[in-house]
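When the chains are written out, they are named A, B, C and D in that same order, and each has its own residue count from 1.
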Amino acid sequence: MISHFREDIVFYQVREPFSQYASRNTKSRLKVVKAADTQKRFTQYKQRPPIADHGERPRQRAIFLIEVLPSHRSRTLPLTPSYFKTYCCSVKGARMSSRNATCAIIGAGDFIGSAIARKFASEGYTIFAGRRTVEKLEPLKREIEAAGGVCEARGLDARKEEEVTPFLQAADAHAPLEVVIINPGANVYFPILETTERVFFKVWEMACKAGFLTGREAARIMLKHRRGSIFFTGATASLRGGSGYAAFSSAKAGLRMVAQAMARELGPQNIHVAHLVIDAGVDTSFVRERIKAARGEQALAAMPEDALMNPASIANTYWALHQQTRDAWTFELDLRPHGEAW
Amino acid sequence: MISHFREDIVFYQVREPFSQYASRNTKSRLKVVKAADTQKRFTQYKQRPPIADHGERPRQRAIFLIEVLPSHRSRTLPLTPSYFKTYCCSVKGARMSSRNATCAIIGAGDFIGSAIARKFASEGYTIFAGRRTVEKLEPLKREIEAAGGVCEARGLDARKEEEVTPFLQAADAHAPLEVVIINPGANVYFPILETTERVFFKVWEMACKAGFLTGREAARIMLKHRRGSIFFTGATASLRGGSGYAAFSSAKAGLRMVAQAMARELGPQNIHVAHLVIDAGVDTSFVRERIKAARGEQALAAMPEDALMNPASIANTYWALHQQTRDAWTFELDLRPHGEAW
Amino acid sequence: MISHFREDIVFYQVREPFSQYASRNTKSRLKVVKAADTQKRFTQYKQRPPIADHGERPRQRAIFLIEVLPSHRSRTLPLTPSYFKTYCCSVKGARMSSRNATCAIIGAGDFIGSAIARKFASEGYTIFAGRRTVEKLEPLKREIEAAGGVCEARGLDARKEEEVTPFLQAADAHAPLEVVIINPGANVYFPILETTERVFFKVWEMACKAGFLTGREAARIMLKHRRGSIFFTGATASLRGGSGYAAFSSAKAGLRMVAQAMARELGPQNIHVAHLVIDAGVDTSFVRERIKAARGEQALAAMPEDALMNPASIANTYWALHQQTRDAWTFELDLRPHGEAW
Amino acid sequence: MISHFREDIVFYQVREPFSQYASRNTKSRLKVVKAADTQKRFTQYKQRPPIADHGERPRQRAIFLIEVLPSHRSRTLPLTPSYFKTYCCSVKGARMSSRNATCAIIGAGDFIGSAIARKFASEGYTIFAGRRTVEKLEPLKREIEAAGGVCEARGLDARKEEEVTPFLQAADAHAPLEVVIINPGANVYFPILETTERVFFKVWEMACKAGFLTGREAARIMLKHRRGSIFFTGATASLRGGSGYAAFSSAKAGLRMVAQAMARELGPQNIHVAHLVIDAGVDTSFVRERIKAARGEQALAAMPEDALMNPASIANTYWALHQQTRDAWTFELDLRPHGEAW
């Protein structure tokens, strides 16, 4: 979230001991010093609105003055290690750069969708976030704007062509539509006999049809610009029809095929279509609750570092895909935590 | 089956002209001669015990004396080419054995669906054939009945739960529902921008939702009997989202996942769920026309023997799957002609 | 094993109660009666060598006189249900038919390999069984011969070109080589750090290179006859590199690609190449020991019906593939017990 | 990276003629003008702090003043086209930052291997490049050193354990071994009958066994450091046994399984194992020659922009994978040019 932060001094609130938790990337790029005037200088900026709390939970509090090694100044990655929570503050404060391009996110949920929105906003894209309940988008909008970004929050039922088309046209009207993220939800568990016709249809409508409509309309607009990226969020169920997942896997596998066909048709026209298989649980309160319910409080507590995926890390991979040059595009990749059994 | 027919002479009643219908397989193994003493030698066979008849339909009548070439004596396959009707040395022809079991075929089209119906009818199953236009089922019904089988033809829109349920219940009421073949059509080609919401929905409804409804209702009934087979007809598109096939591959891949989830849930309850990937063109007038249109008259004529799949051959594999014992069931297999490039 | 048995009376040693265990196939085709003179008539044939004990363990003993319903006489499948152990005896005794064709089995182990040998022998093929320790082939050879079949047992190290070529040439010299079964073993578990160069090489040599050599030499011979079947035995590891299976899955996946390339090259030349993915444990004393060791005596005893695959059932699928006509060949299929979790 | 370079004017040192080398991507975003006041305005930039240089090698020298079109200001990619060397506003060029870590590249060929070496060198890694003919590594070594990096060139036959182990130990002795790239070659075409035992073995040794040995030894060392990345270069043949590719695809599929097994075993121990499927031709003189030979001079000339993959683009994806945090690692992804048919 501070990718355009140009100063060489930032404040972190770090978990102790730093050396134990900082990633290799981080340690090689940051020098951590407890400066004499840390508190004083920090206080000057306490008032300013915090930037980009990625929904990670605060841990032990210890204020450090961190010097970014010259060779790594103004680098994005080491400044957002998934290992600790950043309140990036600076003398002048970070400001986002902006560019004349829009990134539309369909299904901007609280986790993956929001993290992608934050990431692309931090890279200067105007965000068009669509979600059925527009109210739920308020925190995301406020956060991005607080960080100096632009975010349009719109109520959107992506299953309805008459809503999808104007949504994307509005996005394109604001600034050329360059990125569309299709991030449908609808993960449900139903044994086959309990899967009603209604459930089967609803899940398909949300997880497959909405993606088809959005992808097609996005392509229509991007073909005019002769470029763009359309990324689909997939899941384990996109590749596997597990017991109890007839409806969900049917819809997700259907969405994957839409993405494949689009990639083959649109690639030669300079539109990058990709499908990301999220093959594990994302670190959300919902998932943590489920784990607690299933395996108990202790199991949850005992859960190893990074056993769940940080939405911000997933967003980084969406960004990396968008950075690929068209002579070497990825259509599909998987994402799972290092400790995941698969 | 006449697998144990050990003589080197058999009588066939062949469709004229033989050369046009017999496959190379057959021709390479049989010598067809209109012998002077055909009738006389035929009479000698009359007394011998009849050998089971396959219920393939009588066509134009012409008695041939056929000599099985030595190297192929007592081989099953060349003696039962699906191209013509065999009366293995019996005057009035063998009669079909019957059993107290029903095989329901949803989407009993003129080709694969009908061939499966003929095959299971010949094995003694009562056939319940469902198809949107019941009139189109008449030839199949007559043919099966002419061969001594039982076939109920029903108008059926498999996309409608209120039609699927009674259809299968009626089948089960007639005799225990033991086999359900889900053979949806709907192969369409549409570039992504030309794929209307209506097309995407219709294709899914026919190729995916109908299969889900039928599979679920079949399972409901079979679980009472604690056994049964539910087989889904898949296609190349079940595994690959080709250019121009967003709608079709999305629906077929969705159907495949329904099959996978059902296989995992129902296998332990003694219901065999399988998915057959038909990875090439079936030998139909439609396909031949398309080839002619695409590559010209000559290309069609020059097309090698067995370049297209004979529906009867596909039906034999459905039957073989149904013959598997539950300690070694197949969930998925592919089918393509020997000369197909893949 | 009694596919050519032409009589209408056989004796079965059945598990009680028959009705509970007989498969649908069986019940629909056999009439089970306790004949007055069962014992007497049975005694007459006790002396004769039993045919085809498929390595299934004897269960409760109850002699039944079973009448094969006329419509199903001389049918293979219902007479070899995997549910009970058959001592097929008859007034004249079963006799195998023979044909002028050879089936070579490379890696004719005690289970799958032997079961395939028995099956193809019962269909009249001369068997050429190759295995490193020729002595171990003796029981198989005796059994097939006792049943009236022909079996050549040869010591064979399939990793050696200079042994594979003459082995297959000898088979072809005996009668045209029509079927070659490549059934390599070498399933080993080694964490990556414990996988020595020697282990990695040995496993590859046995599970992959031997298959390549045999497949290539088989093709060379079959191309002369312009027909034949080459079937490879695969495993879960052919598709998945599980933890601890770097060496084994590497070799099996390598073998699968050899099969795929061969199928694409040889199909158009009328040679059927297939790859069967055996995705579960086969019912062998070895596997049962492992289960006992891992989960205890009771777990083994409590194991549901048909939780493990009967080699004879697997062999039936090899046979079914060989029966396919070339207009609709299967390249790959999976096999697992109905209760298996996958 | 100059992702935060916010000016709208940059200086490039471009290969002549620009139009020939700049990609369409680039041309659509940059306006290249030889401005009258180039030198003067260039001088103004001299004072500003240098921004990290990518270690791409200097080519013909010609200073251009390039104006970034407004809509693309502050975008990373167009400012670092892999087609030319960038001196972002610095006279003698920025110097590479260095870090205390080694990246070993096994099979450091002229294209992918070298591009990866350049990329990781530019990110501050010491490069240990291994290749059978050490002389061939000289240009790479010189180039990296010219750009201020460190590169050790070693003659290495990765098929030999006694060479692999010391090679990696030496790399680790120089600085902690953090990245190992396994980039085996050996793509050969042989119809099955022409595939000698020797060819089959050699291809496996180079494309599979060498990768296993290197991966295992890399893991042994990295486990001590409790971190590291091991990336394998795959190909279309890793997933498909094409006609004429029995040997190559067998080896590549085998290597893929080694990678899969390692990923499952080592991920939980904080070692990132990934497999990249390069699904198209890389832009090399060799490939261009083949295209010319196959389709003629004109076809080659008419070949669309970016029809072949630029090794530097592939290298960027290797780098992006290495940047992933362990809570969201990718095991597998594909890479192909936008216009590729697949």
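Here, a contact is a pair of C-beta atoms (placed from the backbone, for glycine too) under 8 Å apart; a residue touches a chain by one contact, two chains touch by 3 or more.
As the structure is a prediction and not an experimental result, all values here were calculated from the model.
Undergrad: So if I look at the partners of subunit A and the partners of subunit B, which chains show up in both lists?
TA: none
Undergrad: Find the chain most remote from subunit B, comparing centres computed as mean CA coordinates.
TA: When every chain centre is compared against subunit B, the largest gap points to D.
Undergrad: Measuring centre to centre with CA averages, how many angstrom lie between subunit A and subunit D?
TA: Here the centre of subunit D sits 27 Å away from the centre of subunit A.
Undergrad: Measure off the straight-line distance from the CA centroid of subunit C to the CA centroid of subunit D, and report it in whole Å.
TA: 48
Undergrad: Roughly how far is subunit B from subunit D, centre to centre by C-alpha average, rounded to an integer in Å?
TA: Going by mean C-alpha positions, subunit B sits 52 Å from subunit D.
Undergrad: Out of subunit C, which residues touch more than one other chain, so two or more?
TA: Expected reply: 264.
Undergrad: Answer with line, ring, star, complete or other to describe the graph linking chains that touch.
TA: ring
Undergrad: Sort out which chains touch which and give me every pair.
TA: The list of touching pairs comes to A-B, A-D, B-C, C-D.
Undergrad: Okay, in this complex, where on subunit C does subunit D touch?
TA: Where subunit C meets subunit D, its residues are 161, 191-193, 195, 197, 200-201, 204, 208-209, 212-213, 215-216, 219-220, 223, 237, 240-247, 249-266.
Undergrad: If we count contacts the way the header does, which residues on subunit B are in touch with subunit C in the complex?
TA: 1, 3-4, 6, 23, 25, 52, 70-71, 73-77, 82, 97, 99-101, 124, 178, 227, 264, 267-268, 270, 272, 283, 306, 308-310, 313-314, 316-317, 320, 323-342
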